[in-house]
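Shared between the two complexes below is chain A, which has chain B as its partner in the first and chain C in the second.
Let's turn to the complex of A and B:
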């Protein structure tokens, strides 16, 4: 079995530190050349939405540029770029039914639709599986 | 109308948001003239610890330019006239060093929370 890690995540963007933790684990694995499979379930399907935009901060009085607000889609794009750079494979699969429920189907390039069979296939092809659920 | 924002869930998306969204909303509402106060309880009392530093986050080539500075954000709220309360026992249970707590915060006992709530027209528990 190749060295690969599967991660299932559930939290929607901007709601939980779980997402940042998942991103960091994914980045650390990719940096070591380990393949990573992500199954984005429930609210996590919105992490890759293409229409996410940085914004200004009226409370701080900062512009969009000054605020330099990150988006989760940018983080995912960064992870995909990191995978390419390190010669590792990052599969990012959004749960299709979760997407349909939310009308959340407009993603950045590199993300694909899937379901439990894809998740199972990823699990079976991995050294281990890490589940990071919503609490 | 007097509003109390009770913040209990801490560090909820604060890295992605670059702040705590409830503290942010509090500042925005105060800026609009609302009479709004804050009660920090549970893990949120940790926002009061001075010198928190979450700089350096990088996800691949994407870096976090402006990490959250929650202690400073709470301090700014107090400077804007927002009353900030915190539960003494929650701070003690977590071993927070009193010497590292920001100024301008009023600590209350758990047994005084009900009395505090009575002073507000609306209580929003986040």
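Let's turn to the complex of A and C:
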């Protein structure tokens, strides 16, 4: 079995440093050519929402361009591009029930809907699984 | 003997859970298991030498390999001279290697 990691994440966008660390782990694994499966659960299904927009900062008086505000959907798009560049596979699955609860189904390309059977298949096909829970 | 990777993202003062997580690491090491404790995010705050928490030092003394995420240290302005002795400067690449190696992994 080739090396693959499965990572389950649960935090909603812009809530926790856990998301940043998860992105760092995913990027580092892909850069090594390791396949990565992400199962996004609960609030994490909103990480890939296409409608996210960067914003200006009225407190600092900066424009959208000056602020260069990062969005989680842009990070995920970057990770998908990195996977392609490195010849690794990034599979990003959003929990369907969590999506329906939140009306959060408009994602960037490369993300798909799934459920617990997908997570089980990811775990069974991986060298290791890391669950990053909310607090 | 099993190989464990415990990842601590919380600081020792945030909740009592952290002490239990450190206890898990030291107890596993005491039973002869190979234990790596990777400190990330606010988990690195307890590594300062002058810290009121003794959890990191106890883990080092218990032969737990304590690795520190360089990015988290830089974010919090903790430099090499401030670190508890016996800890090791590390990075996210090493964490990925440890995960890919199949260690039993747990995040707190």
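FYI, the second predicted complex is superposed on the first by the 135 of 135 C-alpha atoms of A that agree within 3 Å, B and C clash if a C-alpha of one lies under 4 Å from a C-alpha of the other, contacts with A are read in each partner's own complex, and residues count from 1 in each chain.
Heads up, the rule we're going with is that a residue touches a chain if its C-beta (ideal position, glycine included) is under 8 Å from a C-beta of that chain, and two chains touch if they have at least 3 such contacts.
Here the structure is a predicted model, which is why all the values come from computation and not from measurement.
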item	value
First (chain B), second (chain C), both or neither touched by A:58	first
Touching partner for A:69 - first (chain B), second (chain C), both, neither	first
First (chain B), second (chain C), both or neither touched by A:91	neither
Chain B versus chain C, judged by how many residues of chain A each one touches	B
First, second, both or neither for A:3, with chain B first and chain C second	second
Which of chain B and chain C A:29 touches, first, second, both or neither	second
Which of chain B and chain C A:127 touches, first, second, both or neither	second
Touched partner set for A:78, first chain B, second chain C, both or neither	first
Which of chain B and chain C A:17 touches, first, second, both or neither	both
Footprint overlap on chain A, where chain B in one structure and chain C in the other make contact	17, 24
Touch list for chain C against partner chain A, complex	7, 9-10, 40-42, 71, 92-93, 95-97, 99-103, 105, 107
Chain A-facing residues of chain B, complex	11-18, 21, 24, 27-28, 31, 57-62, 64-66
Partner chain B, residues of chain A touching it in the complex	13-17, 19-20, 23-24, 27, 30, 58-59, 67-70, 72, 74-75, 77-79, 81-82
In the complex with chain C, residue positions of chain A that touch it	3, 5, 17-18, 21, 24-25, 28-29, 32, 34, 127-133, 135
